[in-house]
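Dropping the structures in below, format is structure tokens.
First chain A sits with chain B, and in the next complex the same chain sits with chain C.
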Partner chain A sequence: MPSKDGFFQKLRARFRARAQDYGMAALEVFLSAAIGFLAGAIALLVLGYDPLRVYEVLFSWGYTDVGYLLLKSTPLIMTAIAFSIPALAGVFNIGGESQLYVGALLGLLVAYYIHNAPLAIIVAILGGAGLGLFIALLRVYRGINEVITAIMVNWIMYWLLAYLVTGPFNNPKLPQQSVPVPKSAQIPMFSVVGVNIAGSFILAVIGALVIYYIVFYTKTGYIMRVSGLSPASAKYAGFSPEKAILTSMLIGGAAAGLGGALLVLGDVHSIDTTLSAVYGLGFTGIGIGLLGRNNPIGIIFAAIFFSGLLIGGQYVELFLNAPPNLSDFLIGVIVIALSIPYAYRFIISWIKRRRMTK
Partner chain B sequence: MTEPAVEMLHITKIYPDGVVALRDVNFVVHKGEIHGLLGENGAGKTTLMRILYGEIKPTKGEIIIFGKKVKFRGPWDAIKHGIGMVYQKFTLIPTFTVIENLHLSHLAINPKATVAETRKKAEELMETVGLKVPLDSVVEELPIGVQQRVEIIKTLLRDAKILILDEPTSVLTPIETEELFKTLARLKELGITVIFITHKLKEVKRVTDRITVLRRGRKIDTVETAKVTEVDLARMMVQREIVLKIEKKPAKPGRIALVIGDLWVKDERGIDAVKGVSLELREGEILGIAGVQGNGQRELAEAIAGIRKIYKGRIKLYDKDITHFSTLERYRNGLAYVPDSRVVGLVLDMTLRENVVLTNIYRILGRLGYLDWAKGDEIARKVVEELEVVTPSILTPVKYLSGGNQQKVMVGREIVREPQVFIVAEPTQGLDVGATEFIRKMLIKLRDNGKAILLISTDLDEILQLSDRIAVIYEGRIMAVGKPEEFTLEKLGLLMGGVHAE
Partner chain C sequence: MITGADIVNLLSSTLISMVPILLASVGEIITEKSGVVNIGLEGIFIISSFAATVVAYYTSDPLLALFVGTIVGSLSGLLHGVISAYLNGDQIIAGVGFNSFAYGLALMIMVALWQSYGSSPTVKTLPMILVPMAGTTLYIPPLAVAALIIAVLVYYWLNKTRSGLKVRACGEDPRSAESMGINVRRTRLYATILGATLTGLGGAYLTVWWIGQFTKFISAGRGFIALANVAFSNWNPLLAILGALIFGFFSALSIFLPLKLQQIYHVQYTAQIYLFNTIPYIATLVIVAFIMKRVRMPRALGKPYIKE
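Now for the complex of A and B:
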């Protein structure tokens, strides 16, 4: 059994060895957030709002109700992972959106008919995983770009879900929403030192940790990372980059499916017919995955940060009559600013490579 | 006839990393001649031509085209001065038709041209030059030889007066090669100057008027083709003093470790790259595969490692037929492969430890796919110690290591697995003298410990220094196998250039 001391020593050694990388990463994340807020401030000024006041409201209302903040971040953690795990293996999964729909719907139906939360979660995970795998299979065996498939699948699932919650699974008593999750299948909240922590958030954190373990401590995760960084190296080592794509989409889809179930069982308890409860969570997950630098633990924090922005944005709208899309706008700018370092590094390495050959 | 078309004077090219690619090269091509540019890998042929085509700027020297001094900022300037280049890898858009491709490049010099005009011009051109290509076929559906003709027409459409062909026959079948030579003769009649980059002695002897030989960035000589023999050319190409003599005991070859029987392998384009290679490798010997780059070496190595499909032939590792084994199974049965590219062998963004694990993963594997990184640490430390890798830590990403240390990681992680047979490709490419010597001594030590080593290298010095036997590969075939003392440098040069010495 390793002593506590040894563990910290190892951690320190690890940190020192990669300090340059970690430092760069932290700087990038910080800078992109700063650039995002700066650009947001300029836009607000142009629109005639006081940016300081807006940010004051944003932060004071976005992050004060910790219980609510964590509850709202729950599905975002999972959809960010749905984007990031395939990204590690070199696949661009923008299908987290529809993989979440499937999880939400299957979770809801199992909960409604069978009154069993664990079963509902398992079925939702399988549903999401299946959909992710479907996209990956088309990519690997038919050469169809995963982005195109995912966009099409997203729309198919969107309208299918809209049909199902307004039609066959509509709640006759409350026609603006679907059948409900019965009390017995809801995931409860826990009071921890005065804060209501959602059970679903705890499950999401456990999920993220399990996936972190898979990525960094198992052969499967190792092969995915090698394949994503360098498919040629994977082949040289005797691994199959194609298989890594399938696995990563399976895990990513499963994460989004879990996110859908957690959302329905732990938060909204039904799906409204306008789909406002589920729409956009998958897309926001992409930004969170990038901000969390595709690391499941980083993603937990990034999701909480984004979730606060989204909540605070609603209050900004309420109090200051600022445009409702302010938080979306801020998130958008942050995502762009985040991709700039990637672009920057890409350009630098490209120039270096050119110089080497010049 | 002796009026110069191209004069490149005192050309020196030093790359930012200090590598001197060309040293004071004078290269003069007469108008209307076919001029061969001959040399081994790294001799500077391609660099010199890329400078002429404006892709690279020379560090020193001047270029005079048709008597006019020029300074090219990019290929577009070169094109304006009537220079055209046909690369080994074609620059056609595969899903476009021939005429669409021609039109696209025609627009670069004549932005107002319509497709009909391009077509008319192309048809006239095909008539005069005698090159036929189907204008309305999609490029990717055409054979390689026809695609090359499209490339030539493309440059001529831009009124090229000087045509550079980079190893044009390397992708062609013998019949296509004949066709190409006819075309070149026709172009010569039309007064077009052709520069023909090659390492193939027979071809250069057959089609050129004059030949310039480069060796290690220096011009050796420019000669009239009629006045030299293939033997002279081979000597000029490979002659050298051997530096860095490495001490080694005579080899004590043991059991046969690896048998390759009539191996056939295709490259990415589906063209035969390895054509019936048969070799035997014994314990305690280094068998060096000499040859100019692109003669099937990589395909051969990858086929042995199981990365590339074998479509005919057998590979035996001791008593086991491993022809149908997966890569992992081969590695586990005592085969190791060190690839010619560090970008392939290493995942640069990963740590040294993670890279060591790449081919050692089964040794740290626990239940349910769990990876025991503590064991990974041990193996990584062993590699660092045994190979004297200079690194701040085993957790440092390998991209921060020097090329020599990266190479040590690649070789070291195979050594610690203790395999019996090593396939080592270009082990010292791009390394400094110290690292080169270290790696070479390491290979000899492995040999002395009874390992069987197949050394694939385009560096003739390396082959001569290390090999107990040498096999020369040319166009995917083994030209000859023998002890180093059975080969003179001249003979090696001839064989590497595809000529059987009598």
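Now for the complex of A and C:
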């Protein structure tokens, strides 16, 4: 009785049917990462550092403290989803950065004034979703490229946030940071078999799974994916690609907003006036989304991987005095390498052809 | 309250901040007319302004620095052109990756050379043209004049010459262009290199002709403002001049306004300064929102040309 198949059987059948796709994706991801680390090694060598020593520190220190690793990957999971869900619908959301700022700020303020974590999270999600929707509305109704809007909004929100945390919501006792999240509204850590798992990480994983379900198992998700692959076919099937864009940006913005709230409530507990706690998380999320092949579950693993690189990067700086921006460089090369899947397919078909002629 | 001197100062800053945006916009128009979109302009600004700073610091020769910065721009264009025209890569993803790569690389080298995380040492800059006027001095960057001439020449080249027509054909209908005997891939590569070269010149100008120092926020979204300007201009280099002047004016205003207001009301802004920084971005957004509806982009823009 195939119709009574359980969820896991379905999942297995699905996986088997797609094994080749997954294999190809895994190969592309692996090759891109390899190219990234190779380019990184060359750059380090030229700059006079020992790449083997740098990578040794990067990997041995980046991934040792599992609890910290998962805590730091939390906002990255959400900003990656903020990029990937719109990407599936054919929209390029590089506004995850500012959508996270809004979530972080609103989450912080609700937590500070009302002392209620669930409410803070809900308000942050709505704020992020609203900002995502704004970009999508301009795209759909005014025809403005979402990349341009998103970057302008990113900078507007950056300076607005800088103003708010140094001005009205500054902590008078600690002028280098904003008002804090009170103890009662912080998301605690849980000790699971000796490992401290952040509550915020668990919430991020639940969020990712919910979004995975929406995208791959509901009609809304199906319409989004069809519209992304071919807006013309979507129209022919009676779907509205415009509506798909709006929905995907709503979900993406909501994810980034949630990421901001989880960051503030579960990790940093206030925003510093240099914005170093929030800056760059959205941009890093783009690379993670691509590395996770725009799949929320792949993204969880990609976020943990990148988070280890970022943590390890700090130790590289501490121990070897090597530049901490190595991680930006690596992420950049990996993303560039991911942009040329055609080249890998070409190489593979070339190898296959050579094998056959032998 | 606004004096003649204020207007002259505002005009100076408008002209100074217009230059990189105009150069990058005109460059990107060439690139996009051939069918390639390069959203890595921001990264080119960063990497070429940084290269120029390094050369200016070690040789004390800002003209050589300007040249090297421009060449670094060309090389960035070579990379993006190969990915876009020959490897059929996703142009948007490659551009985003390049922005991160350029930022990471520049900052890595900055830390390695000067152990500094925020900004480089200051370097010698090239001179401006000074015109005494209304009790103050009007600063005209010579490159502003050059950029205006370049914009007019590019307009003429793209619209009135045979080779310009070839470039446009690659962006409108690459298949027909190929059947007319145009090498689409090579044309797109050259157009991308040319566009990135102009952007590189704008980037080098940022440090060795204007600010005199590399900082990690040196480009501050200018690359994306230039992209917005390309759409605003409807891919017309002459209208891009107008757009660059408008965006330059709002950048100038964001610096001028808080100074003037503090002077008039005898107050000291602290955190409020940050709010004025949003002016150019809000202006860009508003202008683009009102104009965009009527533009028409090259038909094959952003699509890899795959031969059958």
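We adopt the following convention: the second predicted complex is superposed on the first by the 327 of 358 C-alpha atoms of A that agree within 3 Å, B and C clash if a C-alpha of one lies under 4 Å from a C-alpha of the other, contacts with A are read in each partner's own complex, and residues count from 1 in each chain.
Methods note: a contact is a pair of C-beta atoms (placed from the backbone, for glycine too) under 8 Å apart; a residue touches a chain by one contact, two chains touch by 3 or more.
Model, not experiment: these values are computed from the prediction.
A.B. asks: For A:Ile156, select first, second, both or neither according to whether it touches chain B, chain C, the two together, or no partner.
C.D. replies: second
A.B. asks: Where does A:Val147 make contact in the superposed view: on chain B (first), on chain C (second), on both, or on neither?
C.D. replies: In the superposed model, A:Val147 contacts chain C only, not chain B.
A.B. asks: Classify the contacts of A:Ser233 with the two partner chains as first (chain B alone), second (chain C alone), both, or neither.
C.D. replies: In the superposition, A:Ser233 touches chain B alone.
A.B. asks: With the two structures laid over each other on chain A, which partner does A:Thr220 touch: chain B (first), chain C (second), both, or neither?
C.D. replies: Only chain B is touched by A:Thr220; chain C is not.
A.B. asks: Under the stated touch criterion, name the partner, chain B or chain C, that contacts more residues in chain A.
C.D. replies: C
A.B. asks: Looking at A:Gly167 after the superposition, I want to know if it touches chain B, chain C, both of them or none. Which is it: first, second, both, neither?
C.D. replies: Second partner only.
A.B. asks: Who does A:Leu47 touch here: chain B (first), chain C (second), both, or neither?
C.D. replies: Touch status of A:Leu47: second partner only.
A.B. asks: Both chain B and chain C touch chain A; at which residues?
C.D. replies: No residue of chain A touches both chain B and chain C.
A.B. asks: Hey, which residues of chain C end up touching chain A in the complex?
C.D. replies: Checking each residue of chain C against chain A gives 39, 79, 83, 87-94, 96-105, 107-112, 117, 220-221, 224-225, 227-228, 231, 270-272, 274-275, 277-278, 281-282, 284-285, 288-289, 292-293, 295, 304.
A.B. asks: Residues of chain A touching chain C in their complex?
C.D. replies: Residues of chain A touching chain C: 43, 47-49, 92, 94, 138, 142-145, 147-149, 151-156, 159-160, 162-163, 166-167, 170, 283, 286-287, 290, 323-340, 342-343.
A.B. asks: If you look only at chain B, which of its residues touch chain A in the complex?
C.D. replies: 15-17, 56-57, 305-307, 326-328, 330-331, 337, 339, 341, 343-351, 354, 357-359, 361, 365, 368-371, 373, 392-397, 400
A.B. asks: Which of the residues in chain A come into contact with chain B in the complex?
C.D. replies: Residues of chain A touching chain B: 13-14, 16-18, 20-21, 217-220, 222, 225-226, 229-230, 232-233, 235-238, 355-358.
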